[in-house]
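In what comes next, chain A is part of two complexes: it sits with chain B in the first one and with chain C in the second one.
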Partner chain A sequence: MRQKVIIVMLALVAILLARNLYAISMLPDEMRQGQIFRIIYFHVPAAAAAMTGSAVALVASVLFLVTKKFQYDALAVAVTEVGLAFLAVNLVTGSIWAHVIWGVWWAWDPRLTSALICWILYAGYMILRQALEEPTQRATFAAVYSIFAFTDVPIVYFSIRWWRTIHPQPVFFSKEGYFPPDWSRALAINMVAMFLLYAVLTMIRLRQEQTQREIDYLRRTVHAI
Partner chain B sequence: MHLYTLTPVVAFLLQADADAIRDEIGRLQRNFQGLIWGFVAAWVILAAYTLMLTFRERKIRREMERLKSMVEESEKK
Partner chain C sequence: MRFLSQVMVITAKDLRAEMRTKEAINASFAFALVILLILSFAFDPTEETTREISGGLLWIVFTFAGTLVLNRSFARELPNDCLDALIAAPVPGAALFLGKALANFVLILAVEFVALPVFGIFYNVRWTRQFWPLMLVLVLGTWGLTSIGTIFSALTVNIRLREVMLPLLVYPVMIPMLLGAMRLSALLVAGQPVTGDDTVWFKLLFGFDIIYTALSLVLMETVLLG
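On to the complex of A and B.
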């Protein structure tokens, strides 16, 4: 059943993204940025999906510490690992945009720096899990670390409001910015597609984590026999 | 492409000299190349991660089958 859901969701993602690639190419260029502004259609949805994943990891980690149920630990590791890939998409597309618009690949700007720190923190989460053998200890330490790592997420989000920055100001949910309805529609579709893709990859990763636990159990059984 | 997007281009061509036009064409090309690289990078990262998941899935399945057969053999003995 889960396999069928994954296939249907993947097909939906492919249709949405293919249809939207055409819609995005038909949009007029942005006046000052030109064609490169279209990177926003991957840059922003990737960031939104990764940040949502971080919030899910936070909730799952708290639930693990409260209930000690390993399914929450599995969910936390699944969303964090997928989130790392999406945050990498956000950082790399942002860097390419910066190279065209600013003339440099990277600037130590509050938004860019906090986003990079966020990626490093979650990469640290994955390394920490590799370093610990005992399952309960690994899950507990990782849950505490995940809660700590999440503190960077609001900093990433609010950095462009709190500090002077060269990163473009928000055009959504703000009085200053304006995003035409045609552009918003295409962005909304890409947002749905990227969130669906995030969900599918999380489901696959979650299943792997559950199978890995079964493998660990079987290993102990074999060892005991 | 909508016709109104060409209006500033036509206005620019009427005013500018050959060097400025060449510079502008170069800028537009760099802009387009950046966009293509951005899209390619996004897809390559996601495809690489998906491949990584696929390889891990295979490895886990093989390990599972190996352990199951070991448990079955141990129980027979």
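On to the complex of A and C.
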């Protein structure tokens, strides 16, 4: 059953992305930025998905600490690992855009810095998990770490409002920005596609995690005999 | 009241143990001096630009030296199974955290007060020009460092490669707070007023101290039993 859901969702992502790639390529160039502005269609959804993922990781971690059920631990790992990839997409696309528009690959700006810290924090989560062998301890400590790591996420989100930064101001949900309707539509569809992709990848990773636990369980049983 | 006396007992115990052995604090002092020396090679200490950023350098010294103190905080309890005894003691995790954190706070602050004049001499900086605001930053920053460092010290105490894992996990978590402390210290040491955008850093420092402390108080029990 779950296999089928994954395949259907993957197909949907492929269709959406293919349709949207065409739609985006048909849009006119942005007045001041030219072609490169199209990177926003991947840069913003990747960031939004990664941030949502970190919130899910936080909830899953808290739920694990409260219930001690390992399914939440598995969800936290899956969501964090996929989130790292999405945040990496966000950082890399941002860097490419910066190279074209600002002329440098990286600027030590509050938004960029906090996003990078975020990536390093969640990479630390993976390293911490590797250093712990006992499953209960690993899950507990990782959950505690994840809760602390989440404290950086609001800073990433609010950094462009709290400090003067060279990162473009938000064009959505704010008064200053303006985005033409057909551009917004393309972005909304890409947003859906990226979130779906995030969900599918998380499900695949979740299954790996569950299989891993089954293998561990079987191995322990064999040992006991 | 009972909670407070429990906290004080833990703090007193930790400080007494440290005063008798001086293992963490001596190493931390020496380490702070060595880093100050090494940084002076990287940045020409007589240059005007160095003096401008030197307040930020201070926090590199404080965090590195502080990590040594924090590492010992729980590692000290490992011989003779003292940690198990502490966990079994009728003291809530929150009190244990607060006691340990206060002891670490005092120790790290002591290291900082020795490092500061040395820094002033080596780097030819008149750091006393805005003394009280700088003290406030020092206290807020150090509390952030100790509160988060203490719970992570408990978290990493049983992990392989403990000495590496603590800084690896703690530094990224501390960065937002550290950024604020560095920026404010740089301004205050250079004798510039804190205005406009920079006042946000004070709020950030305050906010993070509260968040870190609250989270640690809640989660300490889980970490100790985990």
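Keep in mind that, in the parts below, the second predicted complex is superposed on the first by the 225 of 225 C-alpha atoms of A that agree within 3 Å, B and C clash if a C-alpha of one lies under 4 Å from a C-alpha of the other, contacts with A are read in each partner's own complex, and residues count from 1 in each chain.
We adopt the following convention: a residue touches a chain if its C-beta (ideal position, glycine included) is under 8 Å from a C-beta of that chain, and two chains touch if they have at least 3 such contacts.
Because the structure is a prediction, the values reported are computed rather than measured.
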item	value
Partner chain(s) touched by A:Ala107 [first = chain B, second = chain C, both, neither]	neither
Comparing the two partners chain B and chain C, which touches a greater set of residues in chain A	B
Touching partner for A:Val192 - first (chain B), second (chain C), both, neither	neither
Partner chain(s) touched by A:Asp152 [first = chain B, second = chain C, both, neither]	second
Partner chain(s) touched by A:Met9 [first = chain B, second = chain C, both, neither]	neither
First (chain B), second (chain C), both or neither touched by A:Thr140	second
A:Ala23 touches, of chain B and chain C: first, second, both or neither?	neither
Contacts of A:Gly34 with chain B and chain C, given as first, second, both or neither	first
Partner chain in contact with A:Ala48 - chain B first, chain C second, else both or neither	neither
Contacts on chain A seen with chain B and repeated with chain C across the two complexes	none
In the complex with chain A, residue positions of chain C that touch it	148, 151, 155, 158-161, 165, 168-169, 172-173, 175-176, 179, 197, 200, 208, 211-212, 215, 219, 222-223, 226
Interfacial residue positions of chain B with respect to chain A in the complex	1-2, 4-5, 27-28, 30-32, 34-35, 37-39, 41-42, 45-46, 49-50, 53, 56-57, 60-61, 63-64, 67-68, 70-71, 74-75
Chain A - residues contacting chain B, complex	28-29, 33-36, 38-39, 42-43, 46, 82, 85, 88-89, 92-93, 96-97, 99-100, 197, 201, 204-205, 208, 211-212, 214-215, 218-219, 221-222, 225
Interfacial residue positions of chain A with respect to chain C in the complex	65, 113-114, 117, 120-121, 124, 127-128, 131-132, 136-137, 140-141, 144-145, 147-149, 151-152, 155, 162-164
